[in-house]
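Same chain, two partners: subunit A is paired with subunit B first, then with subunit C.
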Partner chain A sequence: MHIPDGYLGPATSGVMYAAMLPIWGLAARMVKETLNRRQVPLLAIAAAFSFLIMMFNVPIPGGTTGHAVGAVLAAILIGPWAACIAVSVALIVQALLFGDGGITAIGANCFNMAFIEVFAGYYIYKVISGSSAITSARRVIAAGIAGYAALNLAALTTAIMFGLQPLLQKTASGESLYCPYGLGVAIPAMLGEHLLIFGWVEAIVTALVVKYLQKQDARLLETLKEVRA
Partner chain B sequence: MSKRRFIRSSILAVCSFIRESVLSDAYAAKKGLLQARDARFKLLIIFTLLLAVLFSKNIIFILSIYGLCLLFALASSINIAFFLKRTWIFMPLFSLFIALPALFDIFSPGQPLVSFRIFGLSLIITRQGLMSAIFFFVRVLTSVSLCVLLALTTRHYVLLKALRIFRVPQVFVMTLGMCYRYIYLFIEVVQNTYLAIRSRVEFVSSLKHGQGIVAGNIASLWQRSYVLQNQVYSAMLSRGYMAEPKTMDEFHMSIKDWIFLAMAILILVLVYGKNII
Partner chain C sequence: MKVTTKLWIGIGILILLSPLGLILPERFKAGDAWGEWGLDGIKELVGYIPQGLEKLAELWSAPLPDYAFKGWEEKGLGSLSFAYIISAIVGIAVVVLAAFLIGKLLSKKE
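Let's turn to the complex of A and B:
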């Protein structure tokens, strides 16, 4: 899911940075308004948490492992605007310090994982869980469905970005300059692996963590109320 | 295959992260060409060169920038074998693997170069496919090399502070700085937890059991993190935090920084303006 440098042309990278700038600006404003002073470290803690979720290897069928992105989980725990900043920060740290995801692709990666995945996941969770009790099983199911659907939506937008490259950037003799596969290849390839494997990893992790917190410390699932108080 | 494999691979991922960080810090502390540059300028120089590589439609130019990366690595006291291993393994090799199907006329129709048959299937490598795959691979390799140079020759917390030159809102800069410190604190928690699980859990009975262990760990990490925020806020207050974050400036620019930046900008202008290189 992390797009490295060189996969997207300058037009796509530039548009994605331009798209993320107002989102980051609005997120910074919303967080300043909703987060009380005591919870300032919460953002940094959530960003570090988002970074580390990707290090937890989850066993999947076939004896291998995969990892979750954790963006939906972050949105459920601290709200979509704060999660947008936290996941963006985690992605920037990964790109700048550890070379995971490109620097010119930070805008695109943040758009997919810190905006699309976070907001889609959060609102799917909200709609499905409705006004159910914080400890209800419905919330566990909602978290799982939100994790699965939002990750696949993010995979779809990533695939569209890849698939647009041969259409947008080609030499006169027909050579692709960036990702060489069109929409017809990029979308099935990206969605295939996310629908079959990684979406389930995301769903399982999101649902099980919500279930665990319901049993151990349900007030952590109501952080948003506390934040706004 | 052991059903505890995910525990082992998580411990290995944590160890690899710590090893990489220690090595990066050791290189950043050395004396060398890039280490001597002001972090703000270095960030701008690398970003400008990344843009030049991104805009370029000339493979020789991109290869020249890759050659420049190797020279920078040598001049910055980076072990070249380590640099090659760090830059080739994973992303460029993964990209090479991804680019391979693009060689063939199924994905890149055009002028045939080589044709052969495998298991009765006729395959044709086209000129357009070959060039697309080479462009893709070389561009990714060069970009990754530039990013690794930046990360290896700059102390990480200084690099995050340098983001201020892009007018990044203060809330982001402060969050980045604090996040970086928390990562190391949490990584220790994760490592200790997994080592404890490994020493206590002899056999993971099912996938569900394994997934439960992982989810429990993630949830427990969040619980601990949440408790920590109150302590951190009290620590911030005791050090004079007044709700408006302030960051100390530790940057020192020199005339050489300006020269390097001017050269990088010139390269980008040539690439963008004339599209000849």
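Let's turn to the complex of A and C:
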């Protein structure tokens, strides 16, 4: 899901940077108001986990690879604004140090994985959890569903960015200047593989860690309330 | 033991297991992620290299490209797995440092 350099035209890359700048600014302000000093290690753990889980490429035999992002887990653990920062940090380091995701596409990749996935996952988890007890099985299921749905939403917005390129920029002979595939190819391809395989990986990872935290120290999952307060 | 300590240990274990993310795709003959092909791959797929893409593709020269050392592309899975683990350690060190710095700057003192 890491869009490399060259797949998006300057218009799309620019708009996505322009979209992320105020989101990062707002995230910094929200985190400043809500994050307690003792939650800082959790921010670092969420960022490290997100970075690491993205290295676990899952193969579709004979096909493509994909991976979980850990963005929904981050949102459940430290709230959506801090999670937005944590996942952005992971994505920026991946782009700069490892060439995983383009530097011109940092805005776009952060928009998909650190904004869309984080906030979608957070609200889906919240709605499904409702007022259930912090250690309830319902919350484990909510985490799984949120992971699955939110990763797929991020795959969809990524596919839309890819698929818009042939519409936006073309040579005189009709060749695309950037990503060569249109919406009709990009959306079924990206969404198909994430609905089929990678979404489940995100679901299982998110649900398992939430279940683990419920057993170990459920208070960690309650930090969410403080973060929102 | 504090839960955060346990989580850090978990991250340490995952670092050691990370080469699975390299070995499994190799075993199951899975290629690049969708939309993350190199220039050769894209030429094979669509028959041409989009002009703008070609110009921008090599824009950034990452110090550890694809979580490996430069010039190690032809090395075996063992060496690449080693480079993958080193990359994970380096990457996480930078991510954690950045996250702590940002966290310290933004969090409330108590």
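One rule holds in what follows: the second predicted complex is superposed on the first by the 202 of 229 C-alpha atoms of A that agree within 3 Å, B and C clash if a C-alpha of one lies under 4 Å from a C-alpha of the other, contacts with A are read in each partner's own complex, and residues count from 1 in each chain.
Just so it is clear, contacts are C-beta pairs under 8 Å (C-beta built on N, C-alpha and C of every residue); 3 or more make two chains touch, one makes a residue touch a chain.
These numbers were taken from a predicted model, which means no experiment stands behind them.
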Check: Can A:152 be said to touch subunit B (first), subunit C (second), both, or neither?
Finding: neither
*Does the superposition put A:42 against subunit B (first), subunit C (second), both, or neither?*
both
Looking at A:3 after the superposition, I want to know if it touches subunit B, subunit C, both of them or none. Which is it: first, second, both, neither? second
- prompt: First (subunit B), second (subunit C), both or neither: which does A:193 touch?
  reply: second
Q.
Touch test for A:25: subunit B only (first), subunit C only (second), both, or neither?
A. first
**Prompt:** So, A:204: does it touch subunit B (first), subunit C (second), both, or neither?
**Reply:** first
Considering only touches as defined above, state whether A:94 meets subunit B (first), subunit C (second), both or neither. second
Practice problem: Once the structures are superposed on A, label A:174 by its partner contacts, choosing first (subunit B), second (subunit C), both or neither. | Solution: first
Both partners, subunit B and subunit C, contact subunit A at residues 4-7, 9, 28, 31-32, 37-49, 51-53, 55-61, 63, 65, 85-86, 89-90, 93, 95-99, 102-104, 171, 175-181, 213, 216-217, 220
Seen from subunit A, its contact residues with subunit C in the complex are 1-7, 9, 28, 31-32, 35-49, 51-53, 55-67, 85-86, 89-90, 93-100, 102-104, 158, 162, 169, 171, 175-181, 186, 189-190, 193, 213, 216-217, 220
Within their complex, subunit A touches subunit B through residues 4-7, 9-10, 13, 24-25, 28, 31-32, 37-49, 51-53, 55-61, 63, 65, 70, 73, 77, 85-86, 88-90, 92-93, 95-99, 102-104, 171, 173-181, 185, 204-205, 208-209, 211-213, 216-217, 220, 223
Note: in the complex, subunit C contacts subunit A through residues 3-4, 6-8, 11, 14-15, 17-18, 20-22, 24-25, 27-36, 42, 45-46, 48, 50-67, 84, 87-88, 90-92, 94-96, 98-100, 102-104, 106-110
Per the touch rule, the subunit B residues reaching subunit A in their complex are 1, 3, 5-6, 9-10, 13-14, 17, 20, 24, 46-47, 50-51, 53-55, 57, 91, 95, 99, 102, 107-110, 127-129, 131-133, 135-136, 139-140, 142-144, 146-148, 150-151, 156, 159-160, 163, 169, 171-172, 174-180, 182-183, 185-187, 190, 204, 207, 210-212, 214-223, 225-226, 228-230, 232-233, 236, 243
